[in-house]
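Below, subunit A partners subunit B and then partners subunit C, in two separate complexes.
Let's turn to the complex of A and B:
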């Protein structure tokens, strides 16, 4: 009996060790670091307790970055999930050569983020960028896009969505293909319209896939900062300075790992709360 | 079945144990070899990727002269170079021996303990071989921390074909007849044109080379007598956002947003705009000369402009080289630094890179050699004269990185249409917040 109880834990041991080493240890190390002052000017690290957190809460840059991170996620997550779901529905159609369309929608996923950023930077350039050339050709005013404080965050949401939707759609497509055909046949015999079928069959059956996608999209977008780093460096007028970028700059530009770690810990707690809420409200009932 | 399960568990654990163990069971090791004096030492040098061609020539010559020292040249783009240095040296990495130091960062690097003092390594007389301004800029508390690779100066390049086409007279190359910024605007308006009729200029009268960068733009404010930081280098409010600074950067904003005579481009695109005939007047450092010459364009040079009634000020300061405090091969690294900044390498660097030298010997050569009287080599004569008479350094502060990053962002915003006063006020507040950490270490 005892052997039976130990065996599963022994099987789990490699995974638990890996989890501890590569997931928990960095988090705990970050937490510890957030209680220390920048070490670069002193001979050794100085324990300063919660001072990094207190100084963050009185720092307007932190509050502005927090606001921008929340604003970014408030838009980018629903947009990506909605578009990915719509795309998955389209790609689930029983059409001839549908594989070609599925392949095309996966192309942006295969482009690396830096390459995608450079391409979009050229296309959205205020000086002779192709998007502005089209706008001018249509008799419209050229737009600043990434160089305007009112459009930069929206432009980055657009680029992140272009890059991410195809990827998330793949998971939702897999979920759609798992919905039993018999449910559609039964509802059809009961006289359900296409919309009712979507409401009563597709959506409830997709809740698990949607929860997975919602949680993954949220986590990845809260941590996303490479487009801001490459395209705008947090500008114009700090309009794209998300928390992760602020943390990166603190750590790797200004050598203040204490402040950077405190930001990451706050971000981690915030993401955990949001993910917990998502699990609570999106949990499948079947 | 139960037995099979246990075998699998045991096998898994043994595999894990094998994978995690740092070393296999102690094996008999061969006796340690006595140190082989002939074995080459490899030093790692982190340099700017834009120097690839000239710096490789210096490295090749050094390796030829010092067969026992190999230089592992690592290249990083300008914008990422300081970040790479911060990441490596803040983590006390030992895999970097020689680093490129943008000279205003010397004080910050010295305070953080990144640099090894060079006085003992290069010899006491080394400091007297460079111009005093370069030696002083690379020193901290009387010790040389970073040796100058070169100094720098900025001149106004112009595209003769575009000026002729617009019926504009060529500017003089004499410092007594330098253009004012007001003249530059007047001329640039005539030179800017919408050639394809889409309602936007596609040929521009004027562009800075280092668009949005403090190195070049600070001269605008300094010409209006602005002082960018307090004397102790720790206060930005009242300096970085002073009325003089705001006034100078209103002018900068107008170039792009009111007069539309400058293209809203990034620094990396500026030289290509000039070479391809999209910009007529191009204010750039002498280091651009080799590429402008190679492009085969019909160009001329003129002195740096100033504001009418203001001070004549030109940018200066450049890249130095330092030895990492954490390097384990400091002597070999010092040999390379000596070669690059004072030895044969400094001559190769000057010939290939085109930057204004900081070494007195090379500057004397410019003064004496008749080839520097003729165009286009006379650019060095002009630059040397500017470096002596009109050059103004960037602010000296341990937080130069913080100051520069924030003002560069403000300059970028101003270019894109932000109100100069608001952008500089915001930058000053941010800088002051970030400079607080240095207050206890600056006496």
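Let's turn to the complex of A and C:
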């Protein structure tokens, strides 16, 4: 039976090599880099301990992008989860042509973030954008949207939400369809109102899918970077300079891999904390 | 759910409004991509029916994308990269899931834990060290550089594992008694049974690769290996005045996945319902 003992490892080999080499190793290597000064000019890197972290914590640019990241997530996550849940409830209704409407909301899934950015960039353009034309047509003031330091972040939240809600609603819709019809029948026989039904049946049964979506939304938004990279480059006036973009710029614009890695490690730790909190909050079994 | 009859028309109205909001930018892009360049902003203000309907329809933008901007090459790259990633991604993940489900072996739970851990590590986070690694391998500006790092996918392994767990174990036992080898069981018995999960996993990988932006941006420099998302973002910075071509490019970037996705949407939802959010 010797063959059997190595058989599982042979099946696993490509996956383990791939994940180990291109996922786990880079994380460890990034952690290591965050303790080193970058090797711009020297032949080798030098170990500098926590200096990258210390200089981050005394850097106003870091604090400002930390604040912007948190602000962005404070709004974008609840908005997306709430809207996705509402949309999933709507798409779960037994209308005749519901398949068509489900299909429509599935379309932005196929629109990548860069493409969505390009479309909305022109839609929201201050002089020539269709949104401002409509606003003016309605007798309102035209807005700067992405070019205004007070509106840029909100505009990106809007774009990310347009792109994301349909996708997350699909996961919640799948969860809603698994709620047994008999539970609704039982509770309506007990004379429960629609709202009570929602509170006593739908919501508890949806906890698992909601947790999954909440965690996925948070993780993906925390690391969202392309809208800021494509649309605003962190501006105007640093108003959209999230941590992920700051890390990208440190690494690929200023070749400061130590600083970039330290930012990423902080981001990773924050993401893990939030995920852990959400699990606890929703008391999901996994 | 028991619904009152009166709420049905209201629901249609809500769905229609939501549908329009979702489709508006895409409809606008389609219309604009069919306009001559000079017309794009001509009817923008004041708003009239001409804002939303093209008066002179032309395919110039699409032609120019292929003739002048080399989108033929960009398309080939994106398709090639997506196809190879889907093919090998499915093989690698299903093999790994097969091992996790049908074998008892040392380190199984530890290895599975590591697979789960990799969910949480998207390319964005590891881009910098990954870049150095891929650079050392000599893969910057090659297809391998774009494709290989994404082949092993923890989420897809997880999807397959959930599906395999639901298959009857007796199937495997009887095949073993008949003397079938493990590779035969995998390729001849298990894989033909898991078409639904293969479709949803394949879609997942396809969308992911078709849409990836940051990694191809970092891993390629020359035009020879450019993929569509990076090419589109260049439009904003490099040729910012060719609006009609930009819309046409965006339209193509959207239409391909829509064509692939919409007919398979049901599988995708079922695949998620049966696996993804369950654990």
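Please note the rule applied: the second predicted complex is superposed on the first by the 260 of 286 C-alpha atoms of A that agree within 3 Å, B and C clash if a C-alpha of one lies under 4 Å from a C-alpha of the other, contacts with A are read in each partner's own complex, and residues count from 1 in each chain.
Following the convention adopted for this analysis, a contact is a pair of C-beta atoms (placed from the backbone, for glycine too) under 8 Å apart; a residue touches a chain by one contact, two chains touch by 3 or more.
This is a predicted model, so every value here is computed, not measured.
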item: Which of subunit B and subunit C A:105 touches, first, second, both or neither; value: second
item: Chain touching more of subunit A, residue-wise (subunit B, subunit C); value: C
item: First, second, both or neither for A:193, with subunit B first and subunit C second; value: neither
item: Touched partner set for A:126, first subunit B, second subunit C, both or neither; value: first
item: Partner chain(s) touched by A:252 [first = subunit B, second = subunit C, both, neither]; value: both
item: First (subunit B), second (subunit C), both or neither touched by A:15; value: second
item: Touched partner set for A:237, first subunit B, second subunit C, both or neither; value: first
item: Contacts of A:271 with subunit B and subunit C, given as first, second, both or neither; value: second
item: Residues of subunit A that lie at the interface with subunit B and also at the interface with subunit C; value: 7, 11, 14, 17, 128, 133, 136, 252, 257
item: Touching residues (chain side subunit A, partner subunit C) in the complex; value: 4-5, 7-9, 11-12, 14-27, 29-30, 33, 87, 90, 93-95, 98, 101-123, 128-130, 132-134, 136-137, 162, 166, 170-171, 173-175, 177-178, 184, 188, 197, 208-209, 212-213, 219-220, 223, 225-226, 229-231, 244, 247-248, 251-252, 257, 260-261, 264, 267-268, 271-272, 275, 286
item: Of all residues in subunit B, those that touch subunit A in their complex; value: 2, 5-6, 8-9, 12-13, 16, 20, 82-83, 86-87, 90, 111-113, 198-200, 202, 263-265, 401-402, 405, 409, 412-413, 416-418, 423, 426, 429-430, 433-434, 437-438, 440-441
item: Touch list for subunit C against partner subunit A, complex; value: 1-3, 8, 11-12, 14-15, 18-19, 21-23, 25-26, 28-29, 32, 41, 44-47, 51, 91-93, 95-96, 98-100, 102-103, 105, 108, 111, 114-115, 117-118, 120-122, 124-133, 148-152, 154, 157, 182, 186, 207, 210-211, 213-214, 218, 229-230, 232-233, 235-236, 243, 246-247, 250, 253-254, 257-258, 260-262, 265, 268-270, 272-273, 276-279
item: Touching residues (chain side subunit A, partner subunit B) in the complex; value: 3, 7, 10-11, 13-14, 17, 38, 40-41, 59-61, 126-128, 133, 136, 142, 144, 147-149, 233-238, 249, 252-257
